[in-house]
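The structures come next, written out as C-alpha cells.
Presented sequentially are two complexes of subunit A, the first with subunit B as partner and the second with subunit C.
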Partner chain A sequence: MTDRPAQITLDQWESRYASLLQAGTIWPDYCGPLSHYVHEGDRRLTSLIFDNSPAAFRLWNFLLTEEDRLHRARAEGRRLVGAMKDLGTVPVMAFSLDNLVAFYPDGAWWIPCVMELGAGLLEIADQFGVDESFCPVRAMLGAFLTEAHFPIPDLLVCSAGAVCDDFSAIAQRLNGMGFPILWWEIPHRRRPEEDEKALELPGGRTAPEAQVLLVKAELQRVCSALEALAGQKIDDARLRAGIRKANSVRMQLKRLRDLAYGAKICPMPGLEMLIAEMLAIHFCSDRDETTAVLADLLSTAQARVQARLGFGEKDAVRIFWVNPVADLRVMNLLEQCGGRICGTEYLFTHALDLIPEDLDPMEALARTALADPMVGSSADRAERICRDIRHFRAEGVVISRIPGASHCALEGAIIGQTVQERLGLPVIEIEIPPLTDAMSPTIRTRLEALVETVRSQVCSVQRRDPEKIINKGKAIA
Partner chain B sequence: MNRILYSSPHIPRQWIAAHGMESLLLHPSGSCVHECVRRVEGLCVFARAWVSEALADEHAAGIVLAQTCDQMRRIFEVLCSQTRVSCFLFNIPATWQTTQARQLYRNELKRLGRFLVGLGGCEPTADVLTKQMLKEEDQPVARDTKNHACRIPLALAGPHRMAEDTVWLDMIERSGGRILLNCTQPADPVFDRRALACEPFAELADGCFDAIQDVFQRPNSKLYQSLGAALRQTSVKGLIIRRYLWCDLWHAEVHRLKQWAPVPVLDLEITDKPAEDKHRLATRIEAFLEIVS
Partner chain C sequence: MIYAGMDIGSRTIKAALFDTGSQTMIACKLRDQGVDQQGLTRDLYNHTLFESGLARSSVARSVATGYGRNAIEFADTTITEITCHAAGVRHLHPDVRTIVDIGGEDSKIIRLDDRGRVQDFAMNDRCAAGTGRFMEIVARLLEGDLTSVARAAELSVKPAAISSMCVVFAETEIIGLLASGTPIQDIMAGVQKSIASRIVGMVGKHAREPFYFTGGVALVPGMAQALSNMLGHEVKVSQSAQFTGALGAAIIASRQAA
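Moving on, here comes the complex of A and B:
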C-alpha cells in the first residue's frame, strides 16, 4: 500500500475504485462501488469522507452488505439468531454452531442516519407510540415491522435486568406484537461483599461468584435454545473453539486500536475505526470474513505507521470518545475540527476484551457478559474510561449523549466529573441525534472549543515544562 | 426504632419489620428537588423526586432502593454519593419464569437481611418472621365510605404513586369521576399457612416474588393478565394510565394498552412542573370523563 493516506468523498471513491480495479486490486465478490448503496437509499454516504485504502473500501462494503448475507444464509438453510442488547456474548455461542448466524437487530439504530430518515422507521415507531423521547434504537421497531432491513430471525434472544429502559421497553413492545423473545437475566453488577467470593472479569473488574453462576445458568438456557434451533449440541470443545475464534478477532482489534489510537500520526480515521470496532459484536454476520477484513485494515495501518503516514495535523488533539454516535458524520467532523480519536468506549468494551480461555467456557462467557459497561455502575465505567485514557494518552474527552437514552441522563455527569477529578482533562458532553445537519454548526463550535482548550493547556504546560510536551503523544505501538 | 426508607412495594416490608426496624415506603411529593439532580435532563420525574426526598430525610437509618428500571438503578449512584446514610440496591429480577430469577430474589432478600443486621437490626427467628407475615396479612383493608353512586367509575394503572397524585385525583373527583380500581398498588402476597409454618423465609420470598406483576418484568404478560382480570371484574368506564415523564417502561406500553383495553384509555403524563401540568391535566381529565360518560 503505497498510496498516501487521505480522506476522500464518495465521488472520489468512484474514480479511485475504477483505477484500483484497473491496477489489479482484487476484492471479495461482495465489494463494489459505494454509490450502489446510495442508490439503494444509504444517502448519508454522500456526506461522509472515507479512508482511501482498499482495506477501508472492503470494510465499508462488508458493513453495507450484511442484509444480503443474512438473506443468503437463510437461503442456504442456516438459521438466524437475533441477539439483542448484550452486545457480544450470545453471538459467540451462536457462531460455535455450524448452521447458525447471529446478528443484532439493535444495529437498526443507525438506519435513520445511514438512510437520512428515508426508510421512515422513526415515523413507524411514532405511530406505535414510541416517539422521540426514546433513543434512536426505536428504529428497530420499524425495521421489524417493515421486514425491509433484515430478515426476521428464527430466534430472538434478549437480555433483561440491568439494561437500558429504552431498549427493554421497545423489545417488550415487539414481544407484545407477536415476536417471541427468549429473555435472559443479566443482574446489575455489584461489588462483592466481604463474605462473598469475588471472581475476576475481563477488563479488570470483579463480580460476586453468585452473580457469575446466575448468568452462567442463564446463558446455559440460551445455549439450549440455540442447540434446539441448530439441531446440534454445543459441547465444551465446540464452545472453546468459538471463544478462541472470537478472541482472535478481539486480538486483531486490540492491535488495530493500539496502532490507530496510539501512533503519533493517526493511521486510520475515527469513522473507519468505529465500524471496525463494531465488527467485534457479531462479526457482521460472517466471522471468517471479519478476520480477513480486520487483517487488511491492520496491515494498512501498520504500513502507514512504518511509513510515518497518516491523517490530520501532527498536533491533532487526542480525543477519547465515549458512547457511539447516532450520526456517523460526527466522527469526520471531529477530525475537521483538529481532533483525532485516541481511545473509545462505545458501550461494548466487553466485546473487545479477551474472553478467558482457561475457564469453563460457559463461565468465561458469563464473566464476559457481566463485564458489560452497561451492566455495572457509571462509576465503574468511568474508572475503565480513565484507565483507557491513560493508556492512549488522550488529552480531551467527548461524551456523546444519545438522545432519549435512559442511561444518558446521569452517567455523562458521573463520567465527566471522574475524568476531570482524576486526570484533569477537559470534557464536553454533546447530544448527537441521528442526523446532525441542522445542529452541525453548534456541534462544530463545541468540538472546536474542546480542541482549543486542550491546545491552550498544552501551550501553557509547554511554557512551564517543555519536557512534558516532547513526551506527549508518544506512540504506544 | 431505626427507620428504613425504601422505594418499591416489591421489597417486603415484613422482612424489614422482622429485623426489628421500621419501614417507610417513600412516596415522594415532588415538592423538593435536590441540587444534585436539579439540572439533569431526561431524568424520570419519580426518580428525581425520590432521590431528592430520600436525601432530605436526615433520620433514616438506611435507604433501600429497588432496581426496577435503569433510571432507579442509576439514581442509586447519585444517592450513595450524596448521603452518609447506608444505602442498598435491591436487585429485583426482570425475568420471572425461571428458577434462577426466583433464586436471585431470595438471595437478594438474604443480602438485604445482612444489610439490616449491619445497621443494628436483629436477625429474625422463624417465629418472629412468621408472626410479622401474619400480622401484615391481618391488617384491616381501608374502605372508602363516601357515596360515589353518581360518579363515573374508572380504573387507574401506572407506576407506583407519588404523594403529589392527590392533586389530579382531586381533579378526577371534581370532574365527576372516581377511581374504583387502583392497579398502581401491587397485590398483597398470599402466603400458604402450612408452608409458612415450616419455612417462613422461603414462603415470604416466593409469595412476594409471585405477587410482582409489573411493567419492568420480561415478559410483562403478568401485568396484562392481572389488569385484564381486574377490569373484567369491575364495571369501570375508562382506564387512566398515569405515568411520569421519562419513564420509558410505562410510556412504551401506553399505545399497546390503548389497543388492548376493553374501555377507553387516557394517558396522563405527569411532569416535574406541577403548576404547568395543572390546567393540561384538568382539561384532559374533563374531556375524558365527558367521552366515557
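Moving on, here comes the complex of A and C:
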C-alpha cells in the first residue's frame, strides 16, 4: 500500500498494519491492530474510515486504550481524578502532582456511538430517570454503575453554576447515587461594569476582577482536595511547570489546527482532528504521551503540506464546525459530501488557548476557566466563532446540535444568525444522535446542499481567494 | 437538446423533460413512491419519454434529486432537492426570493439571492409536524380525502386551536375536538394554521418577498392562504408546484452539459 495520504477502512488498516510492521515501523507498546477493539465491542470502528498514517494509527490506539491506562494507573497505586464538565482546567492542576491521573468521565458520551449501543449505558440512565430528553452524556451514569469502562475515580470534581442544565442534572443524579462530587462554582461570565476592574481572559474576552477572584478561590479549594488526595503540595513552581506542559500541548494543537484547517489541500481528516483536539481537555490520561502523539501527527501534517498531498476534492468546501458530534461517522460523511473541516468550536476553545504564564498560576487558571465558551453568553460564543471563521477562511458553517443538550436549543439560532449577519455565510443546523445510520440520508442531503450552496454562491476565482468571501459577507452585513 | 430531471421524493416520484431550445418543460409525470425506487423511476422516465415521442438517446443528460436520488443508478449525477427546487422555481418565477417547499415528509425554506442562487436554507425532516403527512393523517381521522377536507376548511370562520407541535399529540387533540363537536372545517383550518406556524418558525427574520410555494402540499386548498396569513406576506403557489424539483434537476443537467 502506498504512503500517499488516504482514508482507509478498518480492514485495509489490518493489512497496512502488518506491512508497516514488516517494514520496521515502531509504535509504542499500546498500539496494535484496530480490529482488537472491535472484538472488545467498539463496533463503530467498522463503519469509519481512517487516516492511513502511522501517526493516526497511534492516535487511535492512544484513544482506545485510555480505559486500560486508567486501570493500570490504579493498579500502580496512582490516584484517579474524574474532572467533570470542566474542560481543561482541573486536569492541569491534577497532572502537576506526581501520582494523580485526571480523566474526563463525561467522555463516556461517545461509548453509545463507539459500541453501537452495545454497552446498554443509555438504558441504564433511562432506568434512573435520565432519559433521552438529556444529553448523551447521560451514558456516564451507566459507565459509573457498570464499572465496565473506567475505574471509579478516587475524587470526582465537577463545576456547577454556569454549566448546561442537563449536565448539571446528570451530575447531581450521580452524586445522589452514591458517587460524592466536589463541586466548584463557575459563575456566568459577564461584561465588567464601568466601575469594575476588567481582567483579560485567554481568547480575548474580559471578566470583572471579582469573578476571576471568585473562581480562583474555588480552584484553590479544588487544589486543596487534590493535594490531600496526592499527599503532596502544589506550590507555584509545580503549578507553573504544569501550565507550561499544558501550554506545550496547546501550542502543538494550535500548529496542527493551523496546518490542517489552513492548508490548501487538507493534510489531516476531520475525524482525526476531532480526536486530536479532544486531547487538550485531559490529555487522554497521559500528558507526556499526548505530547508524543501530537508531535507525530504534526510532523505527518507538515510533511504532507510540504509535499502538497492531502485528502478530498481540490475544491472541497471549507466548513467551520460548531459542537462535537455524538456520532463520529458524521465527520467522514462531511468529506464524502465534498466538504472539509476548516475550523472548529467543539465547546472547549478555552482548552486550546494558551494559559497566561506571566500571572500568578492559580489566577491564570481561573482566567482560563472563565474563558470557557459555555460559561459566557451565546452572543459571546458567536463572536468568537465569527473570529475563528475569519481566521480559517471558512465558507460555510455547520452547527451540529447535541440531542437533549439544554444549551443547543437556543444557542444554535443565535450563532447561526450572527454568522449570517456578520459574514454572510450559509449556515445549517443538524442534530446528530449517537447513531445516525437511519438519518444518514437526511444528514447527507443537508451537508451536500450546503456544499452546493457555497459552490453556487462563490465563483471559482473567489474560492481560490477565500478572503474575498469574507469581504462579500461584510458587504451583506 | 433535451435534458431530464427525476425527483425521487418520499411519497411520489416526478420526472420532467426540459428543452433548452424553447427553454420550457416539455413533459412531466408523477407516480406514487414504492419499494423498488430505481425500477419505479425508470418506468416513469420511460413512460414520460414515450408519451413525448422521444427515445432515451434524445436525452443529453439526466440528474436525479430528492430523498431517493442516490438509488437511481441510471441518472448521470445527483443534486440535492434544495438546489433543484431553487433552479426550477427561479426558471418559472424569476422574481422569487423565498421558496416554501412542503412535501410528503419534510418541509424546507430556501432563500435565494438576486441572481437566483441559494443563499441559505432550513429544513425539517425529523418531525411530521409541518409536512403533508400530518395533513393526510388528519384527513383520515376526519374520514375524508385531503382535498375535500381542505376545501371544507376554506369555509371555516373559527379555526380550532391545535396547540401541540407533535403529530401524535395533535392527533389526540383532534379526537378530543371531534368528541366535543367541533366542525370538521374548523379542525382542518386549525391544522393548516398549525402547519403554517411551524413553517413561519423556520422562515426566520431574513426571508424576503416574493414567496413561492412548492411541493405537493402547495396544491392543498387553503394552505397557501394559511401561510400568507401567518407570515404576513403573500405566498404564491408556484406553477407546476409538484414538479419544480424535477424541472430544476433537468435545468441543472443542461447547465452541466454546457
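The definition used in the following text is that the second predicted complex is superposed on the first by the 457 of 477 C-alpha atoms of A that agree within 3 Å, B and C clash if a C-alpha of one lies under 4 Å from a C-alpha of the other, contacts with A are read in each partner's own complex, and residues count from 1 in each chain.
FYI, a residue touches a chain if its C-beta (ideal position, glycine included) is under 8 Å from a C-beta of that chain, and two chains touch if they have at least 3 such contacts.
Since the structure is predicted, the reported quantities are computational estimates derived from the model, not experimental observations.
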{"item": "First (subunit B), second (subunit C), both or neither touched by A:Gln420", "value": "second"}
{"item": "Which superposed partner A:Ser456 touches (first subunit B, second subunit C, both, neither)", "value": "second"}
{"item": "Partner chain(s) touched by A:Leu214 [first = subunit B, second = subunit C, both, neither]", "value": "first"}
{"item": "Partner chain in contact with A:Ile428 - subunit B first, subunit C second, else both or neither", "value": "second"}
{"item": "Partner chain(s) touched by A:His188 [first = subunit B, second = subunit C, both, neither]", "value": "first"}
{"item": "Contacts of A:Gln172 with subunit B and subunit C, given as first, second, both or neither", "value": "first"}
{"item": "Subunit B and subunit C footprints on subunit A, overlapping residues", "value": "none"}
{"item": "Touching residues on subunit A, where the partner in the complex is subunit B", "value": "128-130, 133-134, 158, 160-166, 168-173, 175-176, 181, 183-185, 187-188, 190, 193, 195, 210, 214, 217-218, 221, 377-379, 404-411, 413-414"}
{"item": "Touch list for subunit B against partner subunit A, complex", "value": "40-44, 67, 69-71, 73-75, 77-78, 89, 91, 93-95, 98, 100-101, 103-104, 107, 111, 114, 216, 218-220, 246-249, 251-256, 258"}
{"item": "Residue ranges of subunit A in contact with subunit C within the complex", "value": "417, 420, 426-429, 431, 439, 441-442, 444-446, 448-449, 452-453, 456-457"}
{"item": "In the complex with subunit A, residue positions of subunit C that touch it", "value": "67, 70, 79-83, 106, 113, 117-123, 125-126, 204, 206"}
